[in-house]
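Heads up, the next two complexes both have chain A, just with different partners, chain B and then chain C.
Moving on to the complex of A and B:
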C-alpha cells in the first residue's frame, strides 16, 4: 500500500473521530469530564510551547507562568462584561479604557498571545545573552517580577484579590481547536529551516554560530513564539476556570508544565500532547491520595498534598531513570505506530484467528 | 529620617544580610563544584527550621542540645539529597540535573506539607535570644547582634576549613578541575557529599536564626529566600565564597533600605532582588568577585 496515502487517510479518520468524540463529549458527558478534557488540551498547548523553547532550542527557560499570567489577565479583562468589572474592582476602579472594552473571545485570545509575545520579546533581549542555569534563574526571576507587578497594580489587575466572574467562554472546540492550531504551527516551524536552526543551536551553539546561524535572532524567535502560545494557553485557562489571581501563576505552575515536557520527551511535540493528557488525567485519578480510602476493615487516612508528593517524586523518577521521556525526540507517526511491537502482535493474532476459522486470505 | 531610625534599619539590614550570606554560601560552593543550582537548598534551609521546631516545641529538648542536633540532621539531609537526586546524574546532560534539582525541591516542600501540615507554626525561640535591649533610644532585639557575630564565626570556621585542611584542599581542587582532581586520587563523591553537607550545615545555622528573627515557619518559607540567596551568590560572583557573603549583605541591606526609604515600593520588595540580578547579569555577568572565563571550543 502507498504509505503516504494510507497515512493521510489514517490522519483524516483520526481527526474525524476526534471531532466526533468532541461532539459527543460536548453534548452527553458530564461537566466534570468536559472540564478535565479542556484542561488536558490547554496543558497540551502550554507543554508544546514550552517544549519549543526548552526542548527544541535548548534554552532552559522557567518563565512560562509569567507569560501565562499575562495571557490569562488580558483575555479575562477583554472578555469580562463592564458590569462585572465594576462589581469586582471595589478597592480601586479599573483603569479607564479597559473598563468598557469587551472583545469577542477569539480576538481577545489573539491579543493575549500578542501581548505575551511582546513581553517575551522585551525579556528576550537581556535574558537570552545568558546560558544554562543563569538563563533559568533569570527567566524564573522575570516570571516572579510579573507576578509581583500583577499583585501590586490594583487598578489594572485588581491586585491580590484576583479576577472573579470571568465568562466561561472556553469550551472543547476552542481548547482542542487551539491545541490543533498550535501543533500545526509549531510542527511547520520545526520542520522549516528555522526549526533546523533551532535544533542546531540546541546541539551546539558555537558550531551553529560558525555555520552562519544568527543566534540572537533565532533564540528570540523561539522565545517569542513560545511566549505567544503560553499567553493563548493562559487565556484559555482563565476563561475556563472563571477566577484567576497572581498566586496561581507561581513557579509551581511552570514546574508542572516542565513535568509534562520532560515526561513527554524534550523535543517531541506529540510527546508533550500525550503526556499533557496523562499528567492531567493522572492528577484527577490520584485525587484519592488526598482523600481517605475505606477498605472495609481499615480506613487509610488520606493526606492533603499527598498527590503533589507523588508528583514531584514522579518528576525526579522520570529524570533519573527515564531521561528521554515517553517519546524522546521522535514524533508520533503512523509508520512507527504500525511497525511497533504491539501493533504487529495484534495483527499476527488477528491473522491467526482468521486462519483458525478457515478464512483464506 | 532620624539617625536612630537609620541605625535601626541598618542593623536590621545587616542581620538579614548575614542570613542571606549563610545560605548563599551553600549555593556558591555547590555551584563551584558541580556547576549546578541546587534548587533544593532553600528547602533544606526550611527543613532545618522544622527540625529546630520539633526539637524545642515537640520534644522539649533544651536549645543548646537541639541546635547542634539540627545542624547534624540538616547536613545529613543535604548529603542525602545529593546522593539520591544528583549523584546518579553525574554524567547526564546539565538540563537533567537541573530538572532533578527542581524535582527534589518540589518533593521536600510537598513532603513537609503532608507530614507537618501547611499551616504556619510559631517558632519557639528561646527567650535568651529574643529579649529586647535599649541602645540609646533604639530598641533592638538581642538577636540582631547575635546574628552577625554567629555569621562571622561560621565564616571564620569555613575559611579555616577550606584553606587550611586537607578536605578543604580537595574541595578547592575539585572545583578547579573535576577530572584532574580525580586523576590526582581525590575521592570525588566523598568531596561533593562533604560540600553538600557543609553547605547544608551553614543553611541550618541560617535557618535557626531565621526562625528566631521571623518566628513563623511554613513549608514554602524556603522558596523566596532560596531564590534570593542564589541571586546574592550570583551578584558576588558565583563559585566565590567571599563574593557570596558580599552579595548577601548587599541584598539584605538593600532590601531593608528600599522598604525604609521608599515605603511605596514595599509591595515590590520581592522583585527587588530579581531586578538587581538582571542588572548585574547584563552589566557584569560574572559578578563582583567572579573571574572572567573564556569558553574553549
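Moving on to the complex of A and C:
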C-alpha cells in the first residue's frame, strides 16, 4: 500500500513536470523543436495503436497507413475553412455537404477516429480470417487500395493534388493530451478481461477458442480500436503538417510505425512511446547523413535517403539480435525503475557522498 | 437422460476415414475412457465433440441439443471443456491469467465498460479473481499464481490445464492423455485428483489415455477404437479380456492362427 501511494505521488509529479515542460516548450522553444515534439507524440499514438493489433493480439497487420489516411483526410476536410476548400479544389469542386462543413478540432478528430474504425470494421470480417503472412499481405493491399482510391476521388480528396492550407490546429496540448488519453485507454483495455482474451489469442488461438473466446469478435475489437487511434493520430498529423497527399500514406509510413513498435517491444505500450521519441528524434539528428559531409581531406557526397538505410539496418539488427526490443512485454513502472541497477547505484553513490561529508542520515 | 450423445458419426479427411459410424452416449456423472492404438481416431472424437472438426456424417447432441458443427467457443459456452494432448497453455501469461482467461466467457460487461472500469465491470472482475484464486487454491497452484505458465514444470502445467478447463465451469470435461509422460507415482496422483474434482464439481469426465493403470482404475466404462472403428466397449474388466482388443494392441499371432 505504501508503494502505491509513493507511485501515485511520483506519477503526479511526473505529469506536472511534463505539463510544465510543455508550457515552457510551447512558449519559449523554437518552432522546429515544438514540431518535432508534436511528431514524437503523434508517432507514439500511432505506435501504441499498432502495438495493440500486432503486439498484444498477435495479428500481423500492415494496414496502418490506410487508417491514418482516412483519419488525416477526414480531420482536414472537417476543419478547413470553406474559402480555402474552394480555392484548392480547382480541378473538380468538393462534394456538396463537405464544402461547407466546418467542425471544431476535437470533434473532427473524434469523427476521424470513428470513420477509420468503421473502415477497420468493414475490412476486418474478410481479412481477419487470414493468419500470419497472409494477413500481412491482405492488410498491406488494403492500405494501397485506400491510397489509390484517395488519388482518384478528385471531388472528395482532391486526388493527387492533395490538400493544402489545412489549419495548423495541432499543438503540444492536443498531441500530448491525445497520446496520454490513448495510453490510458489502451492500458485499461489491455489490463481488463478483454485484454487478457486478446493476449490469449496471441499466445494460442486454438486454446483461446476452446476456452470460449469468440475469435472473430475479439480480433475485430482489437482491429477496430487500433484503427480508431490510427485515425486520430493521422488527423493530428495532417493538421500539424498543413499539407497532405495520398503519396504520404504509402507502405513506407506503415514500416516506420512498425519500426517503432518492434524497437519499443511488441506488447509494451510504454515501449512504443519511448521508441517513438527515439526514432523521431534520431530521424532529425541523422539529417546530416542526407547531406554532403566534409571531413577536411575528403568530401562524402550526400545521398537523399541515407537515413532510411540507417533505420532499415536498425530494424534488422533489432529483429536479429534484440528481438524483445527495449521493453519486451513489460511496461514502465516506478517499482521497476527504482529497483533498477542504475537507480540503486545512484542512490548508493549519494549515500556514500553524504557520509564522506560527515552528514549522517 | 444422456449428457452427450454421438450418433453415427463418420469423419473423412480426403480419402482417409479417421472415424467410421461412431456411437457414444455419456450419462451425467460418469467417468468414461477412450483407448486405442496410435492413429485410431481418439483425438478426432474430441475434435468433433468440441467443434474443431465438423463431421462428414452424423450428429452430436449435448443436453438434448444438437451441437454438430457449432463453433468451438459456443460449445465451450454450452458446457464442454477440454485439455490438449500436447499442452496448450498461454505460455507467456501468468498462472492466474490463464485461469482468468477461461472465465472471460462468463463476462457480461462489454468492452467499453471494461475500458472505463464501470462499477458493473469492476464487480465482475473482482468476482472472477476470487473464483480463479479459489480454483488455484483447490488444485494447489495458489503460491505459483504469478509465475509464467510456460515456466512451470511439466506435471504442474498439466494440472494448470485442467484448472483452466474447470474455470469455464463445464458439465463435461474432456481430457486428452492427461497422464502422458508421467511416472507411475505422478499418474496415481493424477488419478486421485481427477476422481476428486469429478465428485467435487459434479462433472462427467471423458478421457483418452494410454496409461492402462490410469484408465482401468478410473473409468466406469471404456470404448476401444482401432482404425476409426469401435471394436469394443464396456466395463474395464470386460474390455481387458476382449480378444479383438488384445489383437489390436499386441497384434495377431499368425503362427497360432490355425
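Keep in mind that, in the parts below, the second predicted complex is superposed on the first by the 353 of 361 C-alpha atoms of A that agree within 3 Å, B and C clash if a C-alpha of one lies under 4 Å from a C-alpha of the other, contacts with A are read in each partner's own complex, and residues count from 1 in each chain.
Following the convention adopted for this analysis, a contact is a pair of C-beta atoms (placed from the backbone, for glycine too) under 8 Å apart; a residue touches a chain by one contact, two chains touch by 3 or more.
This is a predicted model, so every value here is computed, not measured.
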{"item": "Partner chain(s) touched by A:206 [first = chain B, second = chain C, both, neither]", "value": "both"}
{"item": "Larger contact residue set on chain A - chain B or chain C", "value": "B"}
{"item": "Partner chain in contact with A:126 - chain B first, chain C second, else both or neither", "value": "first"}
{"item": "Contacts of A:236 with chain B and chain C, given as first, second, both or neither", "value": "neither"}
{"item": "Contacts of A:194 with chain B and chain C, given as first, second, both or neither", "value": "second"}
{"item": "Touched partner set for A:316, first chain B, second chain C, both or neither", "value": "first"}
{"item": "Footprint overlap on chain A, comparing chain B with chain C", "value": "206"}
{"item": "Complex contact set, residues of chain A against chain B", "value": "54, 58, 60, 126-127, 129-130, 132-134, 136-138, 140-142, 144-145, 148-149, 151-152, 206, 251-252, 255, 258, 262, 266, 303-306, 308-309, 311-313, 315-316, 319-320, 323"}
{"item": "Chain C partner contacts - residues on chain A that touch it in the complex", "value": "185, 188-189, 192-194, 196-197, 199-200, 202-204, 206-215, 221, 329"}
{"item": "Residues of chain C touching chain A in the complex", "value": "50, 52, 71-73, 76-77, 81-82, 84, 88-93, 97, 100-105, 107, 111, 114-117, 121, 124-125, 128, 164, 168"}
{"item": "Touching residues on chain B, where the partner in the complex is chain A", "value": "35-37, 84-85, 88-89, 92, 94-96, 98-100, 102-104, 106-107, 109-111, 113-114, 118, 223, 227, 230-231, 234, 267-268, 270-271, 273-275, 277-278, 281-282, 285, 295, 297"}
